[in-house]
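Right after this note come the structures.
Look at the two complexes coming up: subunit A is in both, with subunit B in one and subunit C in the other.
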Partner chain A sequence: MATTTASLAINSPDLQPGNRLTINASSLLMKTGLTEGLDIYDAGTGELTVLMSHKKLHDSLGTTDTSNWMYLANHGTDDTHYIEVGLRDTIIGRLYAGDWMFTPWNMSADTAEWSIEAEGGTQKYEYAFFKSTYVLADSAQGTINP
Partner chain B sequence: MATITANISVSSNVLSYPISINNSMTMSKAGSCHGLEETSGLNSKKIESTTAFKLFGNAEATEGGASKVYIRNTGASTTDYFYVGYGEDLDKATVQTIGRLYGGNWMLIPWDAVGATTHDIYAKSSTVEPMHIEYMAFTE
Partner chain C sequence: MGTLAATLTLSDSTTFSDAINFSVTDSLTTTAPAQGLTIQTITTADNQELVDEGTSGVFYFFARNTDSTNFVILQTEASQQYARLSPGEFCFFPINDGNGLEARADTGSCILEYAYWKKG
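Presenting the complex of A and B:
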């Protein structure tokens, strides 16, 4: 069984004057409703250009309503460029240069895929998915041994 | 201008070699090196109902901005959870459910409020048993 731990620390000395902000959180990533760790993993890096337009980052080919997690980071350096992040047909938000996100993903439907689009210029990104279940996409070749 | 930093660390033995993700971001305004200045403040709620409830209204954030949202299930249950999603009623197909936060789980996501109630952020408990949720928005 895999053990995956995700920790967060948010700090600000001056967002709330007189009240230093410190948030610390840590959790084990488990399969849906169980005490067993997630054991399916996909990760990578890439480069998005504006001309590429809207691209699928990950299919929703696992079991719906399960426990899955996504990490996505924009490794660009231009403050004015961003990656638009979408889930199915919904805009979630913008990752500007240096931003990252970490979110659960329940694959609420087979069309609940993650998508990304570069705005302003070419940007490099990094992603990781930790999943409960997943089925590989069908091969365009049909059967390998007819 | 405020300075807000968020650091993530993920470690896993899901592969035959250790996985380690470490990253840090300074939360800045859209297209700027200046930090986000406003916040909802850190909120905590005890929920004893399976009715969806609003965490953040779209009017709290700037459309097209670089807002961020932090949400955590501060409980310990591995079976009960909060749905988190955009929209009003997380049971309907017109709403985008993002995912489930089981006990101890947290999330930090960008939030483009797009000036519409479709981008209000809601949560919904899976149980009528008491559960606690913690949440905070960082906006421009």
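Presenting the complex of A and C:
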């Protein structure tokens, strides 16, 4: 059983004068319900160019209502460029240079794929998925050992 | 208006041959409006607005489900569901300009802790 811990710290010394902001949160990643452990981990890095247009970061798993997590970071350095992040046909948000996001991913439909697109210029990205289930796709080779 | 330092750490030393252990920090410049840390009861009714789609700008959004049993669904104001926050779990992500954000409890009411800040 996987025991993946996610911790978040948000701090600000100047958001509100005299009231320093300090948020800390930590949790174990869980399967649907309260079962701990997402056993499937998929991570990597890449580079997006504007010409590449809309690219699929991760296909939907085709399994409804499972608990999964997505981490994505924009390692670009130009503040004016950003990566547009979409889920299905909805743009979730923009990741500017240095920004990251960490969010649960519920596939209520088999079209719930993540997509990314570079805006303004070429940008490097880093991603990680923590998944409940994953079914290997059929091989185009057919039966290996008939 | 202010700066935020947001740090995420992911670690797992028991599951894989190569332990997962990485951390990423972002320094965010924010401006008004912002919503400070807020406790809100989320019921099973639809369309409980957390971020108004009519407020322009990109927002950095944090939420934590404080419930010990039930999960919360996060969705755009167009009711496009994209995440379920299980008991005790948190998330942090940018909300696109004009999307807004809504929450809905699935089975029973949950207390959601959340905050957001507009990108400066």
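Worth pointing out:
Criterion: the second predicted complex is superposed on the first by the 133 of 146 C-alpha atoms of A that agree within 3 Å, B and C clash if a C-alpha of one lies under 4 Å from a C-alpha of the other, contacts with A are read in each partner's own complex, and residues count from 1 in each chain.
Keep in mind that, in the parts below, a contact is a pair of C-beta atoms (placed from the backbone, for glycine too) under 8 Å apart; a residue touches a chain by one contact, two chains touch by 3 or more.
This structure is a prediction, so every number in the text was calculated from the model and none was measured.
Following the overlay on subunit A, a clash is recorded for the pair subunit B and subunit C. In the superposed model, A:30 makes contact with both subunit B and subunit C. Contacts of A:53 after superposition: neither subunit B nor subunit C is touched. Look at A:80: by the touch rule set out above, it reaches subunit B but stays clear of subunit C. Residue contacts after overlaying the shared chain place A:111 against neither subunit B nor subunit C. In the superposition on chain A, the residues of subunit A contacted by subunit B and by subunit C overlap at 2-16, 21, 23, 25, 27-30, 32-34, 37, 39, 41, 65, 67, 71, 73, 85, 87-88, 90-96, 98-106, 108, 112, 128.
Residue ranges on subunit A touching subunit C, taken from their complex, read 1-16, 21, 23, 25, 27-30, 32-34, 37, 39, 41, 65, 67, 71, 73, 85, 87-88, 90-96, 98-106, 108, 112, 128. Those residues of subunit C that touch subunit A in the shared complex are 1-12, 14-16, 20, 24, 26-28, 30, 34, 36-37, 58, 62, 64, 69, 73-74, 76, 78, 80-97, 99, 115, 117, 119.
By the touch rule above, subunit A contacts subunit B in their complex via residues 2-16, 21, 23, 25-30, 32-35, 37-41, 43, 65, 67-69, 71, 73, 79-80, 82, 84-85, 87-96, 98-106, 108-109, 112, 128, 130. Of all residues in subunit B, only 2-15, 19, 21, 23, 25-28, 30-33, 36-37, 39, 41-42, 64-68, 70, 72, 78-79, 81, 83-84, 86, 93, 96-102, 104-112, 114, 118-119, 136, 138 touch subunit A in the complex they form.
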